[in-house]
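Encoded as structure tokens, the structure appears first; notes follow it.
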Amino acid sequence: MKSTIARKTVVLLGGLVLLVVLLGVADATLNNYYLRILQLIGIYIVLTASLNLTNGFTGDFSLGHAAFMAIGGYTSALLTMPLAARALQLAELPVWFQEFVSPFPLATVLGGILAALVALPVGLVVLRLRGHYLAVATLGLLIIVKSIASNWEPVTRGARGLSGLNAETNLWWAFGWAVITIFVVWRMVHSPFGRSMIAVRDDSVAAASRGVHVFRIRLVAFIMSAFFGGVGGALLAHQLTAITPPTYSFDLTFLIVIMLVIGGSGSVTGSVIGAIIMTILPVILRDLERRFELPGVSQIIIAAALIAFMIFRRQGLMGNRELHPSTWFMKKPATPASVDAPQQ
Amino acid sequence: MTINYILQQLVNGLALGSIYALLAIGLTMVYGILRLINFAHGDLMMLGAYVSSIFISATVVPILLAVLIPTLLIAVMGLIVERTAYKPLRGAPEVAMLITSLGVSRLIQNSTVLALSPQPRAFSLPGDLTKTVNVGGIRFTQLDVLTFLLVIVLMVLLTLYINRSKTGMAMRASSENLQAARLIGINVNWAIGAAFVLGSALAGTAGFLWASRYGIIDPFMGFLPGVKAFVAAVIGGIGSIRGAVVGGVLLGVAEIGFVGFLPPEFSGYRDAFVFSLLLIVLLVRPNGLFGASEVERA
Amino acid sequence: MLEIRNLSVAYGKIVAVSDLSLTVNEGEIVTVVGGNGAGKTTTLRTVSGVLKPRAGEILFKGQSIVGLPPEAIVTRGISHSPEGRMIFGRLTITENLKLGAYNRKDAAGVKSDMERMFGMFPVLEQRKSQRAGTLSGGEQQMLAIARSLMSRPTLLLLDEPSLGLAPLLVEKIFDVVVELRNEGVTILLVEQNANEALRISDRAYVLETGTVTVEGPSTELINDPKLRAAYLGLD
């Protein structure tokens, strides 16, 4: 048993080193176009893995992830915006703010924290709902946040948005946060807390009767999910170097939901796989769409694939299972106990 | 602020609310039976608007056809959606159905983009329909009158059908207890199909009305009204047709009132207002105005 | 009339019924007794076509009915009065009865059957245009039975008809069951109230964890002291 753990650590560290080497090679050789796609993969891993906390593990189906992204995105953009751009765009804000420029890492974390802070009262309200009602309520949150972003002129500049940000998001930040997110989510899910989450998802009444604090578990998952949503939003804003309300649309929430369900919303590695596939596939499809001048085709294919998945492989590619790279090298592959997909 | 202004806002609110009501009926019927929020419902309305636009542009065709044909075609469309996308998911977790309906919504929107164009196009009614009539200082268009008449007639017909016909009875029974309905030999797929046909037909009609009111149509126009109509259905009490109508009208009046009576800088928060209302209703009175409690359903 | 052979039914990975065999002959009342989770309701629901078996065969009048949709099974003459009654509380009593005859095309026959039900259960007639949810528990049970009779079944599946009823009403319900049999309806009865059910039935099966452990004539079962203690929960 001890050697298994040691072996796992070795494999894990080896994997990290390999990732660093690969990223280094990619950074040195790839052109900007491909680098941006790779960065996006990292960002979407952050977003999908964090959405998995609510939608996958506690079974609270949220459509509001883009709302937390927007909060993180705007917060970080306001904090990092270079002074020159600030003087032009944010003249109405108080003087002290005009002079404080935060480093990008701090701004990212603060973006996440603000998203989490908003998630606390929001969660207290919307988590009293479940199922469809929760989905529509969180969709409502997204629409409310978008309305604020579109109308709070002095801070967000409304439809014009904030621009002139430094392109701070690089491969290292994107994948650094992806690794942190996976690590945190993995640790959460594979802890007593995580087992409580799954118990809540599968049967919240039974969980409550066994002494699980159902509401608190759901709330913590919601807030953690929002934190990383905010971080992902900050990363995205600093990749695009500008932020406007349409960026954080329902389309974005929907894309992350697709990544999650295609990967398997009960599996952390599934989130990674879903994020990778659904970052690359749309790029390829959009390319074909432009080449053959068939507007809408990429979205049609993705939507049809999603429906097909729901009909024929509801549990996604991974279901509740995980890929354990550390087990590939063992004699007997330990199959993780697979649980049936949650019944409603 | 004059009394006339207030009445004018009321007329506008009622007109918008009538359209929400038409959409909400379809959503509430389907949700009542299947526990499915059909996110594609608003997109069926969009298709209705496009179908209607074909007949509107050929001015020779009487306006009735521009209403009737989308109503019939979208009814068929709704049934096709049900049978191909939702029927294979019977008994699946509700989240699977929800995701599927989001997928269907996207599919319809982007198929329209592909077949026609992503660009908005004008939807112009024949002149005399938009001509305003001034009654005691309140301006009506003939379209307003047509909207009210149409909505009232359709609701009366629908209510009669639901209350009197055998299929209507089966729909009500399925909505109350789908298991029991199956068990005693009701063909629930028939009842579900009927809910989709009727609801989608009303969405088709709503497409004409919405397009006539705003004069412009695009492939993405339907999603938000669809979701707002679901909000209306929740306000009225999900599963209740009367609730859908009252909820729709209330929501329309409230939304227009929000824009009409608050300072203009608030009007951008119109959608936020609608969803804040939803949150308040869900927390204060989760069963809506006329909703059966989940206990009563069991 | 009904022959269940080696039936197995599962919910996901949980097996509810395994390798169960059971026969009901024409004109019989057959009782199925057993504790909670023994698979009684699951068996009835599988016969009705609401659940699909994992294995096994169900023959009705010599023909397989596995895989048929519930409405087709009702049309063939099997009717199910479910556990918990499951009447439609927001519909009127008349509407509930009409729905019981949903698959019938003979309007006149339906009308006369409705009169027959009102004759059998006068309380239903008095309140026929009221919502069924306003009925008392015993009245709801009568409505549930009447509704299942509206399809003119030759085989009636009755699931826990006496559940939660006062003793006087239990008597009344069992009288009705006997009366129905005398009119020619074959009955498969699932009951917690084993004593009462065995008293009126011809044969009985004892179910335990999804399979038949004891079967025989009801009089034998009711008089077997070991069975009484072990399976029937009687003194």
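Letters A, B and C mark the chains in the order given here, with residues in each chain numbered from 1 onward.
Please note the rule applied: contacts are C-beta pairs under 8 Å (C-beta built on N, C-alpha and C of every residue); 3 or more make two chains touch, one makes a residue touch a chain.
The chain list, named the UniProt way, goes like this: A, B = Branched-chain amino acid ABC transporter permease; C = ABC transporter ATP-binding protein.
This structure is a prediction, so every number in the text was calculated from the model and none was measured.
Trainee: Between which chains do we find the greatest number of C-beta pairs in contact?
Mentor: Top of the contact-pair ranking: A-B.
Trainee: So which chain ends up in the middle if you average the CA atoms?
Mentor: B
Trainee: What whole-Å value do you get for the distance between chain A and chain B if each is reduced to the mean of its CA atoms?
Mentor: Chain centroid spacing, chain A to chain B, equals 33 Å.
Trainee: Using mean CA coordinates as chain centres, what's the chain A-chain C distance in Å?
Mentor: 52
Trainee: Roughly how many whole angstrom separate the Cα centroids of chain B and chain C?
Mentor: 42
Trainee: Among the residues of chain A, pick out those that touch two or more other chains and give their numbers.
Mentor: In chain A, the residues touching two or more other chains are 343.
Trainee: Find every residue in chain B that makes contact with two or more other chains and list them.
Mentor: none
Trainee: Going by the contact rule set out above, which residues of chain C touch chain B in the complex?
Mentor: Residues 45, 48, 50, 69-71, 73-75, 79-80, 82, 86-91, 95, 98-100, 102-103, 133, 147-148, 151 of chain C touch chain B in their complex.
Trainee: Which of the residues in chain B come into contact with chain C in the complex?
Mentor: Contacts found on chain B: 166, 169-170, 172-173, 176-177, 179-187, 292, 296.
Trainee: Provide the residue numbers of chain A that touch chain B in the complex, in ascending order.
Mentor: These residues of chain A touch chain B: 59, 61, 125-126, 128-129, 131-133, 135-137, 139-141, 143-144, 146-148, 150-151, 250, 254, 257, 261, 294-297, 299-300, 302-304, 306-307, 310-311, 314, 341-344.
Trainee: Please give the residue numbers of chain B that touch chain A in the complex, ascending.
Mentor: Chain B reaches chain A through residues 31, 35, 37, 85, 88-89, 92-100, 102-107, 109-114, 117-118, 223, 227, 230-231, 234, 265, 268-272, 274-276, 278-279, 282-283, 286.
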